[in-house]
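Got a structure here, written out as structure tokens. Questions coming.
Just so it is clear, A, B, C, D, E, F, G and H label the chains in written order, and each chain counts residues from 1 on its own.
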Amino acid sequence: LIKGFPEVIFSQGKTTDQVINIMLELLKVNNRVIATRATYEVYKSLKERIPDAVYFDRARIIAVLREDVEKKGKIVVACAGTADLPVAEEAAVTAEIMGSNVERIYDVGVAGLHRLIDQIDKFYSANVVIVVAGMEGALPSVVGGLVAKPIIAVPTSVGYGANFNGLSALLTMLNSCVPGIAVVNIDNGFSAGYLANMINLMVEENKK
Amino acid sequence: LIKGFPEVIFSQGKTTDQVINIMLELLKVNNRVIATRATYEVYKSLKERIPDAVYFDRARIIAVLREDVEKKGKIVVACAGTADLPVAEEAAVTAEIMGSNVERIYDVGVAGLHRLIDQIDKFYSANVVIVVAGMEGALPSVVGGLVAKPIIAVPTSVGYGANFNGLSALLTMLNSCVPGIAVVNIDNGFSAGYLANMINLMVEENKK
Amino acid sequence: LIKGFPEVIFSQGKTTDQVINIMLELLKVNNRVIATRATYEVYKSLKERIPDAVYFDRARIIAVLREDVEKKGKIVVACAGTADLPVAEEAAVTAEIMGSNVERIYDVGVAGLHRLIDQIDKFYSANVVIVVAGMEGALPSVVGGLVAKPIIAVPTSVGYGANFNGLSALLTMLNSCVPGIAVVNIDNGFSAGYLANMINLMVEENKK
Amino acid sequence: LIKGFPEVIFSQGKTTDQVINIMLELLKVNNRVIATRATYEVYKSLKERIPDAVYFDRARIIAVLREDVEKKGKIVVACAGTADLPVAEEAAVTAEIMGSNVERIYDVGVAGLHRLIDQIDKFYSANVVIVVAGMEGALPSVVGGLVAKPIIAVPTSVGYGANFNGLSALLTMLNSCVPGIAVVNIDNGFSAGYLANMINLMVEENKK
Amino acid sequence: LIKGFPEVIFSQGKTTDQVINIMLELLKVNNRVIATRATYEVYKSLKERIPDAVYFDRARIIAVLREDVEKKGKIVVACAGTADLPVAEEAAVTAEIMGSNVERIYDVGVAGLHRLIDQIDKFYSANVVIVVAGMEGALPSVVGGLVAKPIIAVPTSVGYGANFNGLSALLTMLNSCVPGIAVVNIDNGFSAGYLANMINLMVEENKK
Amino acid sequence: LIKGFPEVIFSQGKTTDQVINIMLELLKVNNRVIATRATYEVYKSLKERIPDAVYFDRARIIAVLREDVEKKGKIVVACAGTADLPVAEEAAVTAEIMGSNVERIYDVGVAGLHRLIDQIDKFYSANVVIVVAGMEGALPSVVGGLVAKPIIAVPTSVGYGANFNGLSALLTMLNSCVPGIAVVNIDNGFSAGYLANMINLMVEENKK
Amino acid sequence: LIKGFPEVIFSQGKTTDQVINIMLELLKVNNRVIATRATYEVYKSLKERIPDAVYFDRARIIAVLREDVEKKGKIVVACAGTADLPVAEEAAVTAEIMGSNVERIYDVGVAGLHRLIDQIDKFYSANVVIVVAGMEGALPSVVGGLVAKPIIAVPTSVGYGANFNGLSALLTMLNSCVPGIAVVNIDNGFSAGYLANMINLMVEENKK
Amino acid sequence: LIKGFPEVIFSQGKTTDQVINIMLELLKVNNRVIATRATYEVYKSLKERIPDAVYFDRARIIAVLREDVEKKGKIVVACAGTADLPVAEEAAVTAEIMGSNVERIYDVGVAGLHRLIDQIDKFYSANVVIVVAGMEGALPSVVGGLVAKPIIAVPTSVGYGANFNGLSALLTMLNSCVPGIAVVNIDNGFSAGYLANMINLMVEENKK
């Protein structure tokens, strides 16, 4: 991990006890630790042992941050709304904790193009854009056609039928006719936030 | 087949002799016969036996039309350009021969959204819209978000890698978050033109 | 959305609170709102807050309709029975609420062909036919071979084994040797009803 | 192999020399040998060495039959026409050589149901029915809905796009809602003919 | 359905009430009705309304048989044991109810070949052999290599990992290098029993 | 497109004439145009009409560059050798033409880890790392475990058998347990080079 | 089974009663029986009937070992940690019970390469190496590039999204560019332990 | 690579010149080099430059062996015949060159079980067994049920239809109900021979 970055626990598939113990272990040598994919139940139990833990519920992230990090630059995280929100928030909160300013644009879907076009200026001032989309996953292509910025596309497993748990959105994003779009695993908001932050900080640190 | 419609031969996988013989057979009892997926070579041989055959080369359609049909209403056929053209033309020529006016809009891709928006009026006057797209196949969703018309989406096999011979575009279209989009088989311009024409004629015939 | 059409909430994957709040929000500016894929439990809770809500249980649709819409034309919705019924009803109720007369033909399967042939006249008077089928999904092809109408085919996830959650029925419908059949996503009765209604109204409105 | 049955060479993927040598070897101890999936070129070369070889060109079968077998009972082989013919013929010729009477019904497709219904009597007098179909592969279900006989369904690789080289037809047949249909590999006319003949002979031999 | 055959209800996906009501309805005009894929819970409720119903628990079949059918001929049903038993029993009980004698051979797996070879004589006296297998599904090929009888292969969904819910066994059976093996859907013991019985009765009825 | 960037023609699937004509057309209004996936044959014909065209043969890129661009920063392109070279070079040359310094490290495979470790310093001075890999596609994970830089992973279609034309490498990269790796389409060196250059220039431009 | 090896029950999909009864049956003629994939609940019930049963909880194995087996040689079982542990332990405990010394190396992942390199000597003294990995499954390739020993790779179903329940790790391992790696089914620690032990014992027995 | 082992060139996808140049380069520092997947054409050209090269045509391997290696122990390579032969020979020749005695058993298929049983003694004296099989790939399970030796299973791409280029055989082998079978990539005879030799030598070297 890059220096200053928090240690990270992937909670999914771990018991509450396992998450708490790993967290306690990591806090011995780290000032900043987060646990992603954590339920509220895990948080409540962990909070009893680690009172300064905080919970980002939409992002499903528990964070213990005993040192402050100044936020720099700007990342836009865009999605179409309700269903894709947990993944978008995982990306956004990850990037914020790691040191980036994040602007959320959560009401832009392919079905309502004008809302995207109305807010296009917000994208121009970002160093990196994360686009989260489920179902047919066309949003990254549309954003990419309008904004000449590095785009990290996150397919979500939102959908049904021929969506095949996110396969449809994943393939759409990989096959985009717009160059400059790179893709992470289905529902992997964390990796998107991590990568976007790395790029954003590199740009900002070089500014000085 | 609906009355007035031509008989149709699917040439792919048939020998030149088979296409010619079926065509001759059908012309005994039909005034109008077409052969789709026909190469220029097949056309040249067939032309020697059936001198009034004509060839739509971009659409790969041979037509023998011994009776005129008045064109009615309007169908828009839209795609992003060069590579998807054979499929778009198969749809367009099919619909024209069967009795529809067709307006082609062949320079509208997701990567250049403004060209689509500039021509959006042309879509409003159509009874049906056919959208042909390969690679990520996002165009039907984008058109569908802007135009409240029945949309027939045609995925093409254009692409490579994770495109899987059109699977990517097919899944995109089936999973569209925009309602009112129906999908035909990969590269099946014929069925799209056939269906669009059927709807268009129904609307127009009812006008009187 | 076309004017006069209801706003639509897709309830699946939303909490009861989310559905109720979105419904209340939309009712501020809309006379007609529906929620698809809604369980009876959601309906009961919502009913307490919105007493004029009604529930179409077989279709799993909650509707708040504060304005009447005259029904026009005719759509046929056909399927083989019990298991495919929820999807067929989603299509039928959607089309009815949006302004179409719907005739349900729910006892026609490939295994009992004569029942289909006995009722074939009912199909001839429709502007559009929706065919819902699971398992091998052959019904749209069979109907399409008998009826020269636009057919919207809806594969369902009904089946087991090599059905692969509806993939089998989906592929059957996409590969139909009968032209003029267009396909929507697996289980997507809503989109089928929406599209059929759009076509039906276009035909009827032009009648005058 | 059951006694009286010919030895069989699967020529596909073998060189002309390999086919000829295996044939010569087998003829030393067999009166009846056939080679399936054999091109006309292989036949011509083989004929020079084995003058009493005969070629069934539509079935792509070379046969050296130095003993006669009386044909018994009846198998129907049905398909929709041109493209599926090589597979249908492979089944039919295999069954004939092995000792069954075969009636071919090669003009019955789902798109022209009346032609099937017109000839339905022919199916009733068969002991076994082989149904060959490509594209959506719905024909076995339709036949099975009309005829209470053992049905062997043979999917073919005829089709394109979402047909995925016969996968679509294969899945359709496996998922048939009509019981009593069993399926062989895509394009495997030989195995269908072999099995149908085995059943047909068993029925006939028991007659006496 | 062939005369004398019972009516059949597929219970999976139906409520207890639906199964009971369909059963009552069918019993008005049928002497013999069965319900497949029925749980013991459904049976207990149904038994209260229909006291002469019996339950074949390993086969998960409820049967109401108000008329006797003489059993004829012989079908062998073979599998490797415990896990595949429900599917094997569905096949066996279906065939017995429909009029066939069935011999069960339930301890023959590929991993213990000698047990199969020890009992090979039992297969020779059958008219039809049903082979049920999960995991790699190799048993039908092995039986087919030893026994020249019509073989109906039933892949089961038993397995894990790269088994993909029975896909592995299904593909094995379709690709068998032994001719004369036909395959039904994954876990579809009913269709296998139905088809085997149809063949068996045909052979036996012709005996006289 | 970002200002200063060349226009790009995707030659695959276009005729020589089409590539030349599009090139001539674009050169009327652009000083810099490139054609990717171009064969040497296309280059030779084009060269006759456009004498200042140059050919990057390993990258399969034709370039007409009538204006110079100063190269900035640094991108590393890494792969294991021979077979992946065309894709690696497509990425490298694209990035160079668009304004980045590129260091090629073409002898680092998972099978010879020490060669990677020996050159690890070269990676530390890059702003972005492109890792190209076929077969099992594990190289990006290994590099990512050693280097805290944004990594763009490019799966190639190199391999056979269970590689499924690059699917294996694609899935490996998407599932990397190392965060900060983003993936483009199979064989899409162009998009990787385009994105890497965009990030690299952003970092460098901010330096001043 | 090789002499001295325990009898093995695969508990998954069996009821507690079935496991206990099979265990009791096998103990009549075997001194050593194990049950894999057994939950703690099954163990507790079984323990009441068979008091000398022991439970390896991380391996999910119940063992009744009434005879001792001297452990020989050495097998290394390696994995990256927590999530893959149950599969790694299934392999390790299986091999130990069957007569091998096992060294566990459970903290070596691709993301932390140095931990692997630090312990590389431990691998050199093993006769066989089992590498267990989920997600992208790259660990066997990396170990194989460093250690010239027979490697048995076990993909696990650990992961999400484009992991497709272990398919990603499975394909990675099959496509390894390092020769000498053989693969077992997803999550099949048992078969890996069984095979590694067989090789290890063969080597050791020959030593004398 | 283990000491004494030859260097290996994978010729597939390399030009004749590339293979020759790599061979010349490797011969500067190696006494033993082989090239797999090499055509006879490549061999003829290479032979002009390297006169002591020899060609194993069935194995498609060019070898330059300037030092002798004593062959030890025994590996059995088994397959069903003609079509799988090139893969079986790639395995056998690889193992022989690397230092193992190999016994080929090339006439044992699932369809003719007695031939396998007749030669079963030959398997008992081997240290490792390689089983090569296409189509349904059942042979490794059958051998594994009879022989308690480490089995390396090699699926081949031989087959058609639902074989999906070897996927069927691959899945069969991975899902084997017989433990102790490990699988390599489709058609990867080289890796099987390499691994079998490594195990065989380990056993033999320990003998002294």
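Just so it is clear, contacts are C-beta pairs under 8 Å (C-beta built on N, C-alpha and C of every residue); 3 or more make two chains touch, one makes a residue touch a chain.
If you're wondering where the values come from, they're calculated on a predicted model, not measured in any experiment.
**Student:** What's the minimum number of touch steps needed to get from chain B to chain G?
**Tutor:** 2
**Student:** Identify the chains adjacent to both chain C and chain H in the sense defined at the top.
**Tutor:** A chain counts here if it touches both chain C and chain H, which gives D, E.
**Student:** Higher C-beta contact count, D-H or A-B?
**Tutor:** Top pair by contacting C-beta pairs is A-B.
**Student:** Shared interface numbers for chain A and chain G above half of all numbers used, same, or below, different?
**Tutor:** Homomeric contact, different residues on each side for the most part.
**Student:** Matching residue numbers in more than half of the contact pairs is the bar here; say which of G-H, E-G or A-B clears it relative to C-E.
**Tutor:** E-G
**Student:** Roughly how far is chain A from chain F, going centre to centre by Cα mean, in whole Å?
**Tutor:** 27
**Student:** Averaged over CA atoms, how far is the centre of chain A from the centre of chain H? Could you give it in whole Å?
**Tutor:** The separation of the two C-alpha centroids amounts to 47 Å.
**Student:** For chain A and chain E, let me know how many angstrom lie between their CA-based centres, rounded off.
**Tutor:** Roughly 51 Å separates the two chain centres.
**Student:** Can you list every residue of chain F that touches 2 or more other chains, as numbers and ranges?
**Tutor:** 161-163, 167, 170, 174-175, 185-186 - these are the residues of chain F that touch more than one other chain.
**Student:** Following the definition at the start, I'd like every touching pair of chains, please.
**Tutor:** Chains touch in the following pairs: A-B, A-C, A-F, A-G, B-C, B-D, B-F, C-D, C-E, D-E, D-H, E-G, E-H, F-G, F-H, G-H.
**Student:** Looking at the complex, which residues from chain G come into contact with chain F?
**Tutor:** Checking each residue of chain G against chain F gives 80, 109-113, 135-138, 141-142, 144-146, 159, 161-164, 167-169, 171-178.
**Student:** Inside the complex, what are the residues of chain F that reach chain H?
**Tutor:** Going by the criterion above, the answer is residues 82-83, 158, 160-163.
**Student:** If you look only at chain B, which of its residues touch chain D in the complex?
**Tutor:** 12-14, 18, 155, 157, 165-167, 170, 185-188
**Student:** Can you list the chain H residues touching chain G in their complex?
**Tutor:** It is residues 1-2, 8, 127, 148-150, 152, 170, 174-175, 179-186, 190-192, 194-195, 198-199, 202-204, 206-207 of chain H that touch chain G.
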